[in-house]
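The first chain written gets the first letter, and so on, giving A, B, C, D and E; residue counts start at 1 in each chain.
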Amino acid sequence: MQRVKEKAIELLRSGEVSRVLGWKTGEFFYDLTPAVFESVEEVEKGFVFSLFSGANLSKYLIAESKKEGKIAVFLKPCDSFSFVQLQKEHRIKRENIYAVGIQCDGMCDGESLRSAGCEGMTGVEDGESLTVHTLYGDQVIEKKEALLGKCQTCKSKRIVDFDELIGQQGEDVPSDRFAEVAKLEAMTPEERFAFWRTELSRCIRCNACRNVCPACSCEKCVFDNPVSGVQNKAVADSFEENMFHIIRAFHVTARCTDCGECSRVCPQNIPLHLLNRKFIKDINELYGDYQAGADFDSRPPLMDFRMDDPEPSVIYTRGGAAK
Amino acid sequence: MLMDTIAAISGVNPRKCMRCGKCSGSCPAYDEMEYHPHQFVSMVESGRIEELMASKGIYTCLSCFACIERCPRSVEPARLIEAVRLAVIRQQGKNHLTPEQIPQLLDEDLPQQAITSAFRKYKR
Amino acid sequence: MQKIGVFVCWCGSNIAATVDVEAVSQALAQEPGVVFSTNYQYMCSQTGQDLIRDKIKEYGLTGVVVCSCSPRMHENTFRKTCEKAGLNPYMVEIANIREQCSWIHKDKAEATEKAIILGRAAIAKVQLNAPLQAGTSPVKKRALVIGGGIAGIQTALDIADAGFQVDIVEKKPTIGGKMTQIDKTFPTLDCAACILTPKMVDCAQNENIHIYAYSEVEAVKGFVGNFKVTIRKKARFVDTTKCTGCGLCTEKCPQKKVPNEFNLGLDNRRAIYIPFAQAVPKVATIDPDYCNMLKNGKCGVCAKVCGANAIDYKQQDELIEEEYGAIVAATGFNPIDLSKFNEFGYSQSPDVVSSLEFERLMNAAGPTGGTLLRPSDGKHPHTIVFVQCVGSRCDGGEKGKPYCSKICCMYTAKHAMLCREKYPDTDVYVFYIDVRTPGKNFDEFYRRAVEEYGVHYIKGMVGKVVPENGKLKVQASDLLDNRQLHIDADMVVLAAAIEPDKSARPLATMLTASMDTNDFFTEAHPKLRPVESPTAGIFLSGACQGPKDIPETVAQAGAAASKVIGLLSKDHLLCNPCTAQPDEMMCNGCSSCEKVCPYGAITYIDKEFRGPNRTTLLRRVAQVNPAVCQGCGACTVACMSGAMDLKGFSNRQIMAEVDAICK
Amino acid sequence: MQVNKEWTPTIVAFCCNWCSYAGADLSGTNRLQYPANVKIIRIPCSCRLNPMFILRAFQRGADGVILCGCHPGDCHYTTGNYYARRRMTLLFSMLEYLGIERERTRVEWVSAAEGAKFAATMNDFVKTVTALGENKRLEDLRCKE
Amino acid sequence: MTYPYFPGCTLKTKGAELDACGRKAAEALGFPLEEIPDWQCCGAVYPLAKDEIATRLSSVRALAASREQGGKLVTLCSACYHVLKRVNGDMRNDDDIRRKVNNYLELELPYFGETKVLHYLEVLRDTVGWDELKKKVTKPLTGRKIGAYYGCLLLRPSRELGFDDPENPSIIEDFIRAIGAEPVIYAMRNECCGGYTTMENNTYAAKQAQKIVDNARNCGAEMLITACPLCMYNLTKNTDGSVPVKYFTELLAEALGLEEQNG
């Protein structure tokens, strides 16, 4: 973990890059936020790579890579998919970026530790199992129980694109990430409706999901745009309110890399990733396996077709979501 | 009515036939039948099914599927012949071959297959 | 806020009988923005149009809604009316209250209510309409014809005749196509070469025509009036400017065992060859698959004997870029592969031949010098069986084609007739399903074959051909006699279905021209625009659009040429104003729109924008070429940010209609 | 003007200009009846249909939305309906996933020659949606109980 | 790897030695055949009627049983192959038949046509490979001119069987080449011999069989081989005997040098 910070210092010192995009300590040790460091001093003071560096940094490159000078970025495997997807969409200037891939075996956050039963935490030692220092003494917990939701269904240890690697290159790993979607599909329409109503009713429209999502990076979001016809500031029109998550999910269809940031940042713990994964699952089943950001040249399924694609009525007859 | 039965048993749509006669040009048992494969199709289409049911030709079809294979319109005449034959059996319980006849027809090398198939095709 | 006038048409009683037009015009008068609303017996009549014109002027209308018949009927009429009154024609919207209301409903109250809602939707849309101007684009006055058969030749000659430059691209070493292989033509029995070769020579000599023989189209960019085409001129290993076509090399070349494609492999040619005596251009070509010099550097005979010093073993393919205003596809056809029809024994006996092979066996320039001899033993055949519809009119599956190949009935009648004429001692049988002879003097021709020449026409089909002891045992049905026939034949001739040339599909992709499931090019309208592709600037000539005989091909070739001439005589093209337009401030530059555009109308540029703190930012943004965009709107949905919108059918306009309909 | 006391569904039909709108005109020309609650919006191509339009219609009180376009392979713009087919398949599947009755959405390919098919489709669709009753669900999706 | 094997009625009884040759050769070529337990006769005729269930049941039982044993089922007899493969196709593609059969059989796991039906020749071609077979041949049948007789049931309808080109097949010719002999191609090799009517209308069956033998002989064949016991019977018994007819497994065993052990 220290190697990451050393690499950041080395890159700045050698002049290879003029800025470093990484994670910075917050109020608590588990409270890291993305930050740009412009000098060795800043890095030494604030840069942290730890068990809590879950945030996906790739989105920040849209703005940062357009600035003067080269910037270094640290990418975990899942982040690298977003990195590539953004390149495919011409959103970032690759030549201004020095990408350092970091292998990763899962991330945590304060909340995931708390829900694993830790209170008053003062520090953590990483390892096969975690030793959590708390005000009430040390506590040892299984790491896999304290992982972020997105890490529990990790789909790949492969770092798709990088200039330099810290740790080993990995491979795609088998994951049962569609199990939750399948579970919902197996419900009756009434049950599903009730489920989503309960979940979505909690939404406070804080826009955190939109702001963190690497695929949700429009120059101007339709929801902020009076010309789009869906924008709305006042509550007079509930269209945006009701449809926000559906439209958002549709807009990122076949572009979402399933990085899981939306659900991670949602203050209301709405399982937003289940909307995105539904689209991914459908695409895989109907049009062949597709992973956004896994390569540079595949054609996104919504910008592609086969003459013998199934008709939309296929969803009436498909198994699973029965009755 | 009878036409519906034939359609249900065979799954064949005789209207697909374009009267090319390739079935009858292919049929190895042509001269053994009083109604030929192409006639089966047109007679079923025009509803002359009783005549077909009374004909001996339905027992001479070899089920060689040459007509099915070569039909340019995927009509499958052999299925129609089989359907007519079954219609006879189902309607009248009439068997073309009885078990009593079998022994005198047997020779000692005759494969089981011949006996089984004869029963399947000619008797129920 | 617009000032909108609403005009409700009675269409005589067509609308007024089921819709209370007075109630509709009154109800719509209450809508926001509506300053005038009326109804009249026939809005499309001169009086009705005058009424609209007067009211535009009287009330200073900025938008017009006509509640009438389908916009497919009179949208243009009312647009022109408004234009004459000084209103932009795209400020008109039609509410379709006839085809989609009065004609399909019986209950007057229901129909009236629906008419009001449809009117409201049109008003809501017109509120958001903006004046549109159609742009123009220049026309490059040069045409490209792809394919140098009779279709391509005729099209090129006609275009050249009108004074325009035209290039022919032909993938074979010579132009001429299938017609060069044909012996005689029906129904007049004149010799194909005698009528075709003068046209080939005309092409070569016409100063407006340039022939790229032994060449293929590699890439097509651009759009109507402005195509940019890359042509690959394949290496002949012979300098065409030096070669005199004397043919000495083709006699001296030691590699004698090359199947001669001109005679369909019925005889052999050399590795350096001129396809036939009247080839255009008449120059030699080295076949790199067989030439010993090219394969292993051992030979060089042709270079030694060539007096013109034209042989160049080092020659490379050449890429040529040209600009064209119009492109004509004339890629032609081929007979299907008969190896799947082995019930006729095609791959078991050399005496079972395709009709085109038979054509060569009858041709004076063919492998037998025009004497009909069996390929197996060179003997004269006494009994010949012709089988029609081999692979045509088949129901799906990969074995055959679902369509009628159209030309087989006539050429089979021709073959049968010629056999009987030249060799009266032969018995000729033709097995047919139907004899189709719609054409001038066609049926008379077929009847002559039967009545005067004694050809046996049998309604029925051959089921099996068994080669045995030098004979072909033909088993067939005679449907009219209701019997099975067994004929011992010496030759069997199969009228193979024809299919589009294999090069057509990749070409269609390059041209963004559409094709049907059989790989025939689709016409813009099957009846009214039969020689145009739906893609602007692409025209169709000959059998690439569907099976055709020579007279039809020539007629269509002329038609395609006249369409091309019509296009090339314009200096500018008027474009469809309802095109996509990106809002650069919102564009992400993500290329999603470009990927779904069927016309290649979208490109990207890096553009400077003002950033925060007086900085400038370089951003990639989409640009739509309005001359190319056809206004389908695929890009508008692919665009996540909603930057891409369609003029005339904008997001807000459609949403406004939705809102108006859903109360 | 309130005509019917009984509830009837509001149906929005999006029709592509080249095939289905012409097909709808044809069913009118042939006087083939279908219920008046079907209202057609003309769009240039089925690929112009933004999923937002469908959601908007539902949210504004539509009870059923149907998209009609050229048959696959016959698109006036060559490929538009192929894209529309994928978009709608995924969108409908998502609506289904959210618990909205899948019978409220439909895609039907209607050519300019299929006036009878257009009328039959609309009759059937209205019947299906009528049987489902009013569409409240999408409006309710984010409302607490 | 061991393959589940469906011997069929004839090869189990009258054609036992043909079956023995086949099994022995399979063993020698590394794909031992294991007879599936409790099989019943396939019925020898494919039920063309779409509404007949009873006549399909025994085939489905055999197919479902092999599903559990590796998902493949090998047959040696053309008729069995034909019936099993087409019934399997029905179970895969015809919803109505599948539903009724499954309802009737009440299998633990409903059967959806998962098993792959293979003819012995297909195993030779696709698993062993002709080149490999050639290497294993110890007594090549050099110089023998052999005609392949396909008959109907292996080839037609090709849309359902997909065994080989129905009008110009090559698998038995390739087999003949692999065992060192020379194949003779003659057009009647895929014409029906009339075997099904051998009891009913012997004169006709004889006439048809003779036509085939004549065509083969006139094209130079000195021997015919078949993959169907009924064809073999008919071509042997009901012709002039000018061309001997063998089962392909007999020649296979001979070429592999297994004949002596056979006794």
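The rule is short, and it goes like this: a contact is a pair of C-beta atoms (placed from the backbone, for glycine too) under 8 Å apart; a residue touches a chain by one contact, two chains touch by 3 or more.
Note that the structure is a prediction, hence the values are computed from the model and not measured.
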{"item": "Reference subunit A; chain at largest CA-centroid distance", "value": "B"}
{"item": "Furthest chain, CA centroid comparison against subunit D", "value": "E"}
{"item": "Distance between the centres, which are taken as Cα means, of subunit D and subunit C, whole angstrom", "value": "33"}
{"item": "Rounded Å distance, subunit A centre to subunit D centre (Cα mean)", "value": "35"}
{"item": "CA centroid of subunit B to CA centroid of subunit D, Å", "value": "48"}
{"item": "Where subunit D and subunit E are represented by their mean Cα positions, the distance between them in whole Å", "value": "54"}
{"item": "Contacts with two or more other chains, residues of subunit D listed in rising order", "value": "51-52, 56, 60, 73, 79, 83, 87"}
{"item": "Junction residues of subunit E - those touching two or more other chains", "value": "167, 191"}
{"item": "Multi-chain contact sites of subunit C, meaning residues that touch two or more partners", "value": "343, 397, 464, 596, 638, 651, 655"}
{"item": "Set of all touching chain pairs, with the criterion as stated earlier", "value": "A-C, A-D, B-C, B-E, C-D, C-E"}
{"item": "For the subunit A and subunit D complex, residues of the former touching the latter", "value": "184-185, 189-197, 200-201, 203, 222, 229-230, 238-239, 241-243, 246-247, 249-250, 253, 275, 278-279, 282-283, 286-287, 301-307, 309-316, 321"}
{"item": "Residue ranges of subunit D in contact with subunit A within the complex", "value": "51-52, 55-56, 59-60, 72-73, 79, 82-83, 85-103, 105-107, 137-145"}
{"item": "Contact set on subunit C toward subunit B in their complex", "value": "343, 389, 393-397, 400, 431, 433, 459-464, 475-479, 482, 484"}
{"item": "Contact set on subunit C toward subunit E in their complex", "value": "339-343, 345, 347-348, 397, 464-469"}
{"item": "Of subunit E, residues touching subunit B in the complex", "value": "8-10, 12-15, 41, 43-52, 55, 77, 79, 151-152, 155-158, 166-167, 191-192, 194-201, 204, 208, 229-230, 233, 237"}
